[in-house]
Amino acid sequence: MAEYKEILLTSDEIKTDDYLVNMGPQHPSTHGVLRLLVQLEGEKVLNVQPHIGYIHSGIEKMTESLSYIQIPHLTDRMDYLAAHMNNEAVSLCVEKGLQVEVPERAKYIRTIFDELQRIASHQLWWCAFGMDMGALTTFFYGLRDREDILDIFEETCGARLTLNYSVPGGVMFDIHPNFQRDVKAFIKKFRKKLPEYERLLTGNVIFQERTKGVGILTKEEAIAYGVTGPSARASGFSCDIRKKQPYSAYPYIKFNEIMGTDGDTFTRYHLRILEMFESMNIIEQLIDNIPEGDYAVKMKGVTKLPEGEYYQRVETGRGEFGVYIISDGKKNPYRMKFRSPGFSNLFAINNIAKGWKIADLVAIMGTFDLVIPDIDR
Amino acid sequence: MAFNIYDFTPLTKSIHDALAASLNPTATLAIEWLIVGVAYLLFVALFGLFLVYAERKVCAAFQQRLGPMRVGPWGLLQTIADFIKLLMKELITPKRADVFLYNLAPFIVIIASFMAISVVPFAPGLAAFDFDIGVFFVTAVSSISVIGVLLAGWSSNNKYSLIGAMRSGAQIVSYELSVGLALITMIIFAGTMQISGIIEGQRDLWFIFRGHVPAVIAFIVFIIAGTAETNRGPFDLAEAESELTAGFHTEYSGIKFAFFFLAEYINMFIVAAMATVVFLGGWMPLHFGQFEAFNGVMDFIPGLVWFFLKVFAVIFLMMWFKWTFPRLRVDHILNLEWKYLLPINLMNIILMTLVVLFGLHF
Amino acid sequence: MTNDSLIQSISSLLPEAQIKMGFEYVETFIPRENLHTFMLQLKNNPEMYFDYLFCLTGADFEDHLQVIYHLESTTHQHILVVKVKTADRVNPEIDSVTDIWPTAEPHENEVFDLLGIRFRNHPEPRRLFLDETWGYPLRKDFKDDIHVVSR
């Protein structure tokens, strides 16, 4: 009879293997081509390593051979949900260098478009986030109302997504005659709809269980990792560029900077919904007071920025978008760098997601609102 | 042949007599089995098709759109087109999958569903089997499908499938307890496990009204646990599209995927049918004890129609859950079962026992 | 702190720094060897307290490579631009500041990927956007006849 030994296993002797799972590049919830190499132990996440570059188009190198008037049209493609804000950032930086003053009408128009774009971006975020959580109906509700904003964009700019509207000197065309009427009708309608959306998800017990206390980002971590935008404001890091270094028509209006304290997924989610309300307040302050006048300043055909370095920061739906131009006096920039918010936000996820489960990783990534072309440029 | 829409017993009896008169008993039995088998196959196929179409229309209604409209009038032929497409797909087997288990898994799942359907009473006299342990049989047999799910996940040679199958296995095994205990509560009330006996006992008033508080609690628990059993609705993390592509049936294509897909809808039907039988009276129309006129009016509608109406109401409820709520995480699901539903169930059984002992029901 | 007092503090901290007033922000050139200690002092000094690194760029000037850091203080609300240059184009190396500001980790990888500047003591150096078959595209002398069409 073979003898048997009684084997007593203590918990540090049982070695279960960690395994690596690829989320992406094609994956329904990474919202773009992003590959996450996730090291898992059962359901628990040990390490998340992002691999990017699937949609790298070398935009920064391209700008070195384009003129300053051509570059804003290229920036639409980077963060397509904040296309107008990207255009505006480049335009503002060039105007700063040339010391050109944009007419008041153009400033007001740019800010109204900014805020409409912010609402549209947050709507798309909301519907995709709900879908990731499993409430598939939210996808349709969010997109349905976003169509109104996209129709407004199409009337004035001719395009729904890649707006191509702000240029150095002002905006490309004047607003459509129906613009003010349509925007006011949209705000009236959306003010009633947004509480409906909140009721669907915010108060739901299942949703709260999955998001409250999950993926906490502390204020020190947010500053250290360079996280900006609603994700950082939820942790208490006051980083709204519209308040700190106001541009365009922001100095003329009053609005609140929405802040949170907990830094968990639920706060990040709720903050974006409140931001949508705040954007509507901003638009209401501006829409009736658009001053008459030119919509753009006549710029020379060939613009040359004086030698030096210029930096312009703009607040997009994701965080701080920065344009840094190093100019040597010629008609093309010597070096142009786009500081994208998604790039810093993405690499902070590893720190937050350690120890949580795969489902939480999806929730955390949803609240960071990543747009991959913004990261890859 | 006496065809009475209200009671199918004369019809089945006359078929049996006709066969027994001309053939020996074994052949009669064999042919009857054949007839019943073919009838059930047709029913499962057609009802599955119909449920898929209904789901798409209901889902579209919640999402404020129309759903399938182009294939056939009002999109009625959409599911048929989908199934023809599935049948024509190439059956891809992953490279190092365990071929025997990989092919066996969908069959196990569909066989479990078939076996459970065999005791469902569609109308008086229209149930294939009527054991004295009918309800117990259904719970026992629907547990077989968990083997199919685990085999599918393991044999696919895919990490995502394995995670999905493990999650699903844990979930189904836990919620079977709740389903069983909720049914036991009503069996205590009914006093019998035989399905026809349970339905007879609801002639005066359906059990959900007769056994007021404990029956309503048991109904709620049963619906929650039943939705979890079928991997549907807020408990569908086994096939959570946004996290794991398709969970345990990621690697299946063509007819095998159709089996999993069909089995999910048939399981939903079985849960709804059990809820109807045990709580809502099966094919028994709504009677209110002594109000003869009211009972007469209710009796005018045949039992078959009553049954399907009740089943559709429960199925609509389950579809409503799926399209409204976000998904639960796996530890929340297990928490819900072991920390909340199970103690509630046990308390409820005690409560129901007291109600029955002291006659505190209608 | 105003720009003037900033200029004062930096020159007292590191006399070798070349400071000038740029278009908007104070810009200062630091010798390569003093980079890490200087950055650490910038972060820890309570008067200056630069705790937010919001942009890390690399640039190729014909004879040297530069790395440019944009720093901000969340408490004092002042901004500083720190630049470091290296004339070595074959094997450029600069100290990493990842231990001071964790956000530098992916940004330094991006600079390495596109310009070829290596960072000492970087926890996980890897190419982010491109793979090993590419050179360093942001350099001015980058020639790629297969992927790039030039006039």
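Lettered A, B and C in written order, each chain numbered from 1.
Just so it is clear, a residue touches a chain if its C-beta (ideal position, glycine included) is under 8 Å from a C-beta of that chain, and two chains touch if they have at least 3 such contacts.
Predicted model only: the values in this text are computed from it and were never measured.
A.B. asks: Can you name the chain whose C-alpha mean lies closest to the mean of all the C-alpha atoms?
C.D. replies: Smallest centre-to-centre distance to the global C-alpha mean: chain A.
A.B. asks: Tell me which chain's centre, taken as the mean of its C-alpha atoms, is farthest from chain B.
C.D. replies: C
A.B. asks: Need the CA-centroid distance for the pair chain B / chain C, whole Å please.
C.D. replies: Whole-Å distance between the two chain centres: 65.
A.B. asks: How far is the middle of chain A from the middle of chain C, if each middle is the mean of its Cα atoms, in Å?
C.D. replies: 25
A.B. asks: Report the inter-centroid distance (CA atoms only) between chain A and chain B in whole Å.
C.D. replies: Roughly 45 Å separates the two chain centres.
A.B. asks: Please name which positions on chain C make contact with chain A in the complex.
C.D. replies: Listed in rising order, the residues are 22-25, 27, 51-55, 57, 59-60, 68, 70, 74, 77, 81, 101-103, 105-107, 110, 114, 128-130, 137-138.
A.B. asks: Spell out the residues on chain A that touch chain B in their complex, using ranges where they run on.
C.D. replies: That would be residues 19, 21, 27-29, 43, 130-137, 139-141, 144, 200-201, 204, 206-207, 209-210, 357-360, 362 of chain A.
A.B. asks: Can you name the residues of chain B that touch chain A in the complex?
C.D. replies: Those residues of chain B that touch chain A are 59, 62-65, 159-160, 163, 234, 236-237, 240-245, 323-332.
A.B. asks: Enumerate the contact residues on chain A facing chain C in the complex.
C.D. replies: My answer: residues 52-53, 56, 58, 60-61, 96-97, 223-226, 228, 237-239, 244, 308-311, 313, 320, 322, 324, 326, 334-335, 337, 339, 343-344, 346-348, 351, 376.
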